[in-house]
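In what comes next, subunit A is part of two complexes: it sits with subunit B in the first one and with subunit C in the second one.
Let's look at the complex of A and B:
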């Protein structure tokens, strides 16, 4: 276990080494939050509520969805693709650790870094600019905390899956990009799932994406009742377990037919 | 003594895809791709004993790196059997890889953006090395490789030679009984090379570490390895002592003479007529070279005869270098 924790620390150090990247990140996120805030204000106009959400809940939703994204989002699929293409996996495979486990920990290190140096201060600043609503209810915070950790796992597992496809497709840049768009759209980052047409909502119910952004954001804005929140969290947990299966299967196949590039 | 490596009938085939030419070809490639099966390693067998230092040599593309990748369990062999440190490299991965150290000269295994010592610290945890073990072993490694001043620098700021010394140290953190080095001295200056050789010799003596080394620098092999395994197009063409390779394929000795007086080839042939010698003259520098069988008696007799008749300015006895021998073998093949 020690080694995995050490990896989180190392990733933290690497993020510190590239601080400037993350300053630009803050800027991009703030612009996004601002843009969506004004967009939604315009859509709401005089209306008090749409689909059961007030305008304040909506701006909170937007803000928290983006700040949560900073935590669960990572580029380990792109990193894996690069490592596979350059033949660097060779080095990873001669280490006594689980490559996918280590990748997950790197993602977590990155996530924790952004949570403390980006999301928390970012949320603080944003709450001065836009009217947001924070729950005083500690159960909401606990639900949110559990939910966001599960978001991280679901998103990371999807990234691992995309990353592993490099072994088979070799050039999967397009797939990685498509995955990113699909997740941003179907996870509820841009539009809450409850705003989708009913048929689309029905389809999305059977996909893991809403566990990434929609669930934690709905919990945070108290748009879910406690009961709904618990159910949603259980659903997230089930997805985390289910996704392990395709990852392991693909990984075993990938290792068998692995070809290392370069001498 | 126990064998560190046992390889039996090991084979690895790659599919070599070829692209058809032109736009039409590109479309056809989308559907079916042409490929040839290329054997990179073709039915090789050998054994390495614990504590041996073996040089694994061969031309570019001979299959050296491919073999090492199979021995370390990175690549799955097409067929054949591999037992390393008593284990199958593909089963029990975590236990197996803890017993080997690997350096790929061409790719770094340190984390690029962080200080060397952070990488070491992570590897220490990864290999579950205790503080005492680490302190006693690594302090020595760091001193011998002289990398103390590099420890707090990020890897991307190191020069190649500096990085390579750190790579070697990193591969030794868990003090493995078996070390695979794939071109560890590629691109290094003479001093760093010497330092690395000295170091490898030392750990081999101290811990009886087995070392399998590939390199294109034969002086590495001469300095370190008593045994060489030579590979050509995936097949082993020589496996044995470096010395007997030299004796067998070394083409005698060359003795160069410079004279104080005018001498012709005829004179020399007359003087040494009784023994098997061939003379050549380098017109420009007036150097006469005698090619003779590598036989001490014969050579001393030859020199005695020449010196007795002619005034000699300089004598130089040269052995065929390993480099030359290997070059000849690569050129003509062993037969």
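Let's look at the complex of A and C:
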């Protein structure tokens, strides 16, 4: 266990060394939040509420969804693809740790860094520019904290799955890009899932994506009742457990058919 | 004439290299399509809850998005200079470019072109035809010419802005993250400017004129007379911005001293 915690620490320090890159990141996310803020304000127009959400709840949703993305988002899939293509994965495999576990911990180190140096200050800045609403209820914050950790795991697991496909496809840059676009839409980052037509909501219910962005953002904006929040968090937990299965299966198959050329 | 011949030589060479990896090409076109589909889905879902967006109907917004895709596709096919600093300045590749008897910017455009992005223009036109049909828009004989003019103008606006940003590398060595920021600001031009507040509207019209890539020129075809003046300014703004960027580029190249090799 120690070595995994050490990995989180190293990644964190590595990110800290290049922290200036993140100031512009905050600006970029704020620009995106701004674009959607104006769009949603125009969409609401004179309406008080759409699908039970007020304009302020919507702006808060947009802001928290983007800033939370800074926490759960990582490029593990691309890193894995690069390591597999370059053959570095061979060295990784003989090291005395679980490769996938280590990748997850690296992602977590990155996530914790961005939480403190990107999400929190970003949210602070954004709250001055746009009218946002923060809950004073401590249960909301606890639910949100649990939910955001689970969304990190779901997103990372999907990244691991995408990364493993490199073993079979060799070049999956297109797949990685497609995955990112699909997740932005189906996770509820761009539009809350409750805004989709009912048939689409029924389909999305059976997919893990809404556990990434929709659930924590709905909890944060208090658009979920406590009961709904608990149910949604349990669903997230179930997905985290379920996703272990395809990852393990693919990983075993991948290791069997792995051929390292040179290295 | 020489430049045109060189252009087609590069295109032929490019086709050969890309056709070598057809699967990659397909996947890339597919993921572009997916990206455009996501933006359309966004518009469709949003209009499930409202009839008007700042006074514009669903089909008008879709039409604007379709129009935007065409100059944007041209831009992303020919102006891949977002990594100009790392690729040409830091690695000293610009030395190689400068030894050749063709304008340096033109060479970089040729070297970095990604013709598969042109597929986005096909999608854009299809989207416009779909939305135009729903709106019952007619096509007059001047429309194709104006369309060509406006699309070129929009591409030059985008190209001009990005070339100017690339020029920063001539004066400042440090890596900047302005490029990705610009891509995100560019997205503002896809929607009617009247939904933004007056400061942003001013910026999008005169300082970073991304509104001339989507909403302004598209308004002409939608028959929105209050925007006609801006529609016809599109080629002017395009030429002005691109012209300034070329001048900046030329004076930047004069300053360039190489990264050592």
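Methods note: the second predicted complex is superposed on the first by the 260 of 263 C-alpha atoms of A that agree within 3 Å, B and C clash if a C-alpha of one lies under 4 Å from a C-alpha of the other, contacts with A are read in each partner's own complex, and residues count from 1 in each chain.
We adopt the following convention: contacts are C-beta pairs under 8 Å (C-beta built on N, C-alpha and C of every residue); 3 or more make two chains touch, one makes a residue touch a chain.
Everything quoted here is computed from the prediction, not taken from an experiment.
Legend: residue contacts after superposition of the two complexes on their common chain; A:178 is shown touching subunit C, with no touch to subunit B. If you count the residues of subunit A touched by subunit B and by subunit C, you find the higher number for C.
Within the superposed three-chain model, A:51 lies in touch with subunit C and out of touch with subunit B [touch as defined at top]. In the superposition on chain A, contact is made by A:3 with subunit B only, not with subunit C. Contacts of A:39 after superposition: subunit C is touched, whereas subunit B is not reached.
When the shared chain is aligned, subunit B comes close enough to touch A:94, but subunit C does not.
In the superposed pair of complexes, A:190 makes contact with subunit C only, with no contact to subunit B. Taken in their complex, subunit B has these residues touching subunit A: 14, 65, 69, 72-76, 93-95, 97-98, 100, 102, 104, 106-109, 111, 113-114, 118, 121-122, 125-128, 154, 182.
By the touch criterion given at the top, residues 21, 24-25, 27-28, 31-32, 34-35, 38-39, 41-45, 47, 50-51, 171, 173-175, 177-178, 181-182, 184-185, 190-191, 195-197 of subunit A touch subunit C in their complex. By the touch rule above, subunit C contacts subunit A in their complex via residues 23-24, 27-28, 30-31, 34-35, 38, 41-42, 45-46, 48-50, 52-54, 177-178, 180-181, 184-185, 187-188, 191-192, 195-197, 200. Listing the residues of subunit A that touch subunit B in their complex gives 2-3, 6-7, 10, 13-14, 17-18, 86-88, 90-91, 93-97, 255-260, 262-263.
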